[in-house]
Amino acid sequence: MTIKSREIGVGVLGYGMMGIAHSHGYQAVSMLYKAPVVPKLVAICGRTEDKVLQAANRLGYKRFYRDWGALIKDPEVEVVDNTLPPNYHYEPSIEAIENGKHIICEKPLARSYEEALEMYRAAERSGVVHATAFNYRWLPAVIKAKKMIEEGYIGKPMQFHGTYLQDYALDPSDPLTWRFRREEAGYGALGDLGSHILDLARFLMGETKRVCAISRTFTQERPLPSESTDKGKVDVDDISVALLDFENGAVGCIETSWSCSGRKNSLCFEVHGSEGAISFDLERLNELHVYDHEENSDNRGFKRIIVSGDVHPYYSFCWPLGELLGTGDLYTIEIAAFLESASKNRHFVPSFYDGLMSCAIMDSIVKSAQNGKWVEVRHQ
Amino acid sequence: MTIKSREIGVGVLGYGMMGIAHSHGYQAVSMLYKAPVVPKLVAICGRTEDKVLQAANRLGYKRFYRDWGALIKDPEVEVVDNTLPPNYHYEPSIEAIENGKHIICEKPLARSYEEALEMYRAAERSGVVHATAFNYRWLPAVIKAKKMIEEGYIGKPMQFHGTYLQDYALDPSDPLTWRFRREEAGYGALGDLGSHILDLARFLMGETKRVCAISRTFTQERPLPSESTDKGKVDVDDISVALLDFENGAVGCIETSWSCSGRKNSLCFEVHGSEGAISFDLERLNELHVYDHEENSDNRGFKRIIVSGDVHPYYSFCWPLGELLGTGDLYTIEIAAFLESASKNRHFVPSFYDGLMSCAIMDSIVKSAQNGKWVEVRHQ
Amino acid sequence: MTIKSREIGVGVLGYGMMGIAHSHGYQAVSMLYKAPVVPKLVAICGRTEDKVLQAANRLGYKRFYRDWGALIKDPEVEVVDNTLPPNYHYEPSIEAIENGKHIICEKPLARSYEEALEMYRAAERSGVVHATAFNYRWLPAVIKAKKMIEEGYIGKPMQFHGTYLQDYALDPSDPLTWRFRREEAGYGALGDLGSHILDLARFLMGETKRVCAISRTFTQERPLPSESTDKGKVDVDDISVALLDFENGAVGCIETSWSCSGRKNSLCFEVHGSEGAISFDLERLNELHVYDHEENSDNRGFKRIIVSGDVHPYYSFCWPLGELLGTGDLYTIEIAAFLESASKNRHFVPSFYDGLMSCAIMDSIVKSAQNGKWVEVRHQ
Amino acid sequence: MTIKSREIGVGVLGYGMMGIAHSHGYQAVSMLYKAPVVPKLVAICGRTEDKVLQAANRLGYKRFYRDWGALIKDPEVEVVDNTLPPNYHYEPSIEAIENGKHIICEKPLARSYEEALEMYRAAERSGVVHATAFNYRWLPAVIKAKKMIEEGYIGKPMQFHGTYLQDYALDPSDPLTWRFRREEAGYGALGDLGSHILDLARFLMGETKRVCAISRTFTQERPLPSESTDKGKVDVDDISVALLDFENGAVGCIETSWSCSGRKNSLCFEVHGSEGAISFDLERLNELHVYDHEENSDNRGFKRIIVSGDVHPYYSFCWPLGELLGTGDLYTIEIAAFLESASKNRHFVPSFYDGLMSCAIMDSIVKSAQNGKWVEVRHQ
């Protein structure tokens, strides 16, 4: 029937954790949404033949590739989804763009502002639909926060505090994976976690004029992943804390660490304005806490809204009834929104521009932490 | 100056924990309030001469008695404050009343409905001002809850749940003090803790038609407080759980235990009505959580109001600025309110009537737990 | 390859909310798990032709039926998943069982103990694998609670309190759907919500000897779903509160209502024992709060464990990394566990027996609410 | 009796909010503690004759002064308690010290490091016992946090975040009181609120090497307190956010604002170390949340300890039973501890040194916010 005509071919780079999560997202879009476009799982790409074959079978792809260039050139692939580590963002993404494929790329978009800028310019030139996979923008609670701020709920923004804290790198005996090497990851905790909270800061508060930061690498050497007992140098940050001077006049601060005892998945923000405040904690992702300073002073308080059910933005999209979302559901929402844009050739947000600006701030934070000064944030 | 003319003489029965807490309350009233009447600490009464002498000195009483009858007859004593255990509520309170003294008595008011009824009738006959020391009625958050319910915030009340749970009697090797003996205490956990939550249920929801309860005495014998190794029988409840059928049509449930692991001072209630809900937890005593079902469905949520500062009822009474209250502050608020009533010969609430009704419900709970049936609550 | 040999054919009755949720679960099992068996979506059944056709297409079923009897007889269907309302549980489930199909049936298992008993006996006779879809047993936090209790963490259980409170039926102008009619639903809030918390009470505490309950139907008439302005009678409960007398010596209480302002999805329990306590709230489903009374008294407190990542039971099953679960993920875990049992012809828990016992308790609650007495719970 | 010999004469400067709070503290010390020394309320000093007379009567002082110099010289006054605004800290404190009086002075200790240094040096020279009234150090939960950190609970400290946020200055129409003028207050939100969280940072983490800060004055003009419609300039900060580089290798950040919508009394800190974490929120002042990273990974979580009852440090000091503390109780604990030191001529902590170091950090923050650079913190 007409279903055929609305299909869009998808090729995914990577069958790791993120490759699986995205693949499930494509599948769930078809099932849970009344989506205007239905993804067709064309191909998946990975380095190791037996693993990528298994993944293709299990996840329901028609075929697999070991060479990302081949996947990109596959004529049935209309959308390339890049879930590879940052050192594989630049080249494959540009290749995809130049082959006219719509592209969604994991965060951080690149290892530096310069890489990201080229990627962004290529995408803009070619006219494909491009997305950075800042999945937390798709939290219904975050979408609600954004809407409330836009509608003036908090009045003039004055103060922002954001964190993304985890503890997975606290153990110094954990091996030196790509995450701990600038060459591959670009940034450390700042890129893996901080990029998310910086993106939410931009989403909610707008652009940052300048930053001042302090960073530490608590574990300076880690065992090489090989069988030897040798150690290698960690050349990225374990923790970064940065002051933010926003263009809207507000003052802010973000903290990010992957060596933060006690915090499993602590993506939090709070914004305070002249007329109200909003706070959020990913560990309780179905809740938004809002404070209306315009209420009578004896009735003010933070109100805990459970952002659930079809009264809340994008929620009905996901589960047929007002269930409580998990973080896994975000991939589905993100992909549904992206596929809709891609199928209509419509600009998508967050785009590569948002990925680029995130790199711009991160580069400024790295520089500030090195030279001990406030550093302006570049604007494209 | 005029201060003399506004003094009111106070005599306190008991120098234990509650005697000290009340004594501090009288002192603090003078200092923290612009009270219309100032207490004069006339006398304190206790059994052991050196201890009561010490207490009188430390707490600032003019004199002490070892015989409660003598304190009551002291002509300078205008108000008798009875902090003794329940088996010393009936006789001294009636004696005080018959001597024309205003009376505030600790809870539970008596060991049975019958005792309480005589106390109440004596007080009403004599015309003195009488109070039951249900101190949690004086929590600013509870006063606010009461006011909101009266003003219709929750609409028609439908559901009530209340608890008062502590863990202090969980250890079976703790001695058989008066609290564990019906002869002295009247009731067990039900009287010590449950009387508070039942009083709050009455305060917020009105009267109860009938109850059905289950009780347990987990520790049936405890060591005698003497040096012997003998044990004595516990003849009161460790835990009572009761269904409440309210006159206003709502359905309720209370739970009380002094052997509840994990709960230190867990006096909680939540009420749900046709238009809203309110919840409270003593462990966070400066907070009231309120839910307005009349708001738009995407903006509903429990709002955490910090009941602090002079915008909130009775709060400014206590500390000069909007500090966070402790439970110790409740004695001060309670005493300030009582002294004002006493000095004006004005009916006070909670009175002996409230103490009586609390006993009426407790007697029904005890009976229901024994005979396994719903039991009507007597009304005076 | 070998994948074929591990497939198991699935037929789903119903394409509503639960039909979709289960369908997604089957799909996700294939993608997210290294499952020993892979579901094949054979057929779906529904009343309205165009809707069931659409559903079959969107959800990926090979074919559809309008007659449940036909689906059950489909030789490719090995597992029947019954998501229909309670009045369609008895007959189709027994038919499926008698056709040798493994069966998973939504809760409440039946409209009465008698219906459930026949279903259970049929299933036991036939030897098929049978399951009641108490999906909240599959919450990683609940599984952890169960394990801790079994390992003695709380010592001897003494007290249980459970709630399942929602607000969706608070508006009296909502129409008289099947949920409000005993003929179709069997039970009201008690069956829709209470069956879950009663099942968790059994899971965590064991069997109940007797119950005493109070129920109310706040909204006694509702508009008929037709276009007329007529109203029809609600003959089930809006709220039920019940005392539970457990076989293990503990005392308990459950509250369930679908007209509870302020509560969206409030499935909570807390258990207190001689050595510790555990509490849970579905609105924060990734958290378990545990209290160890054996710790030094100055270090005791409720510990908030985020039940996430592969260190926690069944979690790794679901998402490839330690994401935060949503309620939608529970269907996937439930289905994965059931398919594994079904493929191995291994007894599954919760089985029809658990569905039966849930009905036994509910029948006792209904009877007690009617006759105002404690009622024994039947045991098969 | 012997009570006389243990008395110590107290004179209080100021009868405002803090004068009352401290006066109550002296009174409560006598009643609630088994204190080794009992305060005698000798004199109080204030500018307006009728008000100070009233205060003296109500609070129980033997006499009053309108001239602080006279109070200090009163031979019966052994302890001077300075609750005046910061511009009256320097001169009266030094005068008291030079008259050999023990001194407790409200925070911030002075309007600048230079003033504070002279005060500290004078106190050290004279040998009197000196205290800065950082009352939040006396929170039982904070004392417990300090002890746990010292005992190694969190391992090596890595990260600190602290806030002190209130909203009382959010309204731009509030008058230009002394709090908004550098000449009188020394610092703005930084001095009024920030001094507390900076003191707790020092208490828990040790000294800070350098700071980098950003400040804003959102309301740059306020109405003069007179009846004119003129406005005056605010020359202190409304908000300050600062990065802290600690000597112990940890990284930190503090935020302080008196124009922060949604925050009433939000003094929070969290510290993360290599082996654990601790967090605290003044709005729930009886709770400490602690996380032990050394536990098995499936049992880790923040534990909410209610710091109550005699098992916790200093708590039994305050109320005879394990009641929940309010902020008002802190003055009593603080004063009890100070009087004990004063009576024994024993060094007290927090002393003027702690007040001095707090000024050192605040001066660095002010300077950094002005010149946009990291600024070293002076050490005496």
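Note that the chains take the letters A, B, C and D in the order they are written out, and that residue 1 is the start of every chain.
Rule of thumb we're sticking to: a residue touches a chain if its C-beta (ideal position, glycine included) is under 8 Å from a C-beta of that chain, and two chains touch if they have at least 3 such contacts.
Remember, it's a predicted structure, so these values are computed and weren't measured experimentally.
Student: Most remote chain relative to chain D, going by C-alpha centroids?
Tutor: Looking at centroid distances, C is the chain farthest away.
Student: Mind checking chain A against chain D and telling me if their interface is mostly the same residue numbers on each side, over half, or mostly different?
Tutor: At the contact between chain A and chain D, which are copies of one sequence, the residues are largely the same (over half shared).
Student: Report the inter-centroid distance (CA atoms only) between chain A and chain B in whole Å.
Tutor: A distance of 55 Å separates the two centres.
Student: What's the distance between the Cα centroids of chain B and chain C, rounded to whole Å?
Tutor: 42
Student: How many angstrom lie between the CA centroids of chain A and chain C, rounded to a whole number?
Tutor: 35
Student: Quick one: which residues in chain D touch 2 or more of the other chains?
Tutor: Residue numbers touching two or more other chains: 300, 302, 306, 309.
Student: In their complex, what parts of chain C are in touch with chain B?
Tutor: Residue positions touching the partner: 154-155, 158-159, 161, 163, 165, 167, 170, 212-216, 218, 239, 241, 243, 245, 249, 251-253, 255, 257, 259-263, 270, 272-277, 279, 291, 293, 300, 302, 372-374.
Student: Sort out for me which residues of chain A touch chain C in the complex.
Tutor: Those in contact with chain C are residues 1, 3, 16-17, 20-21, 23-24, 27-28, 30-32, 57-60, 264-265, 282-287, 306, 308-309, 318-329.
Student: Can you tell me which positions in chain A touch chain B when the two form their complex?
Tutor: The contact residues of chain A facing chain B are 144, 290, 296-306, 309, 311-312.
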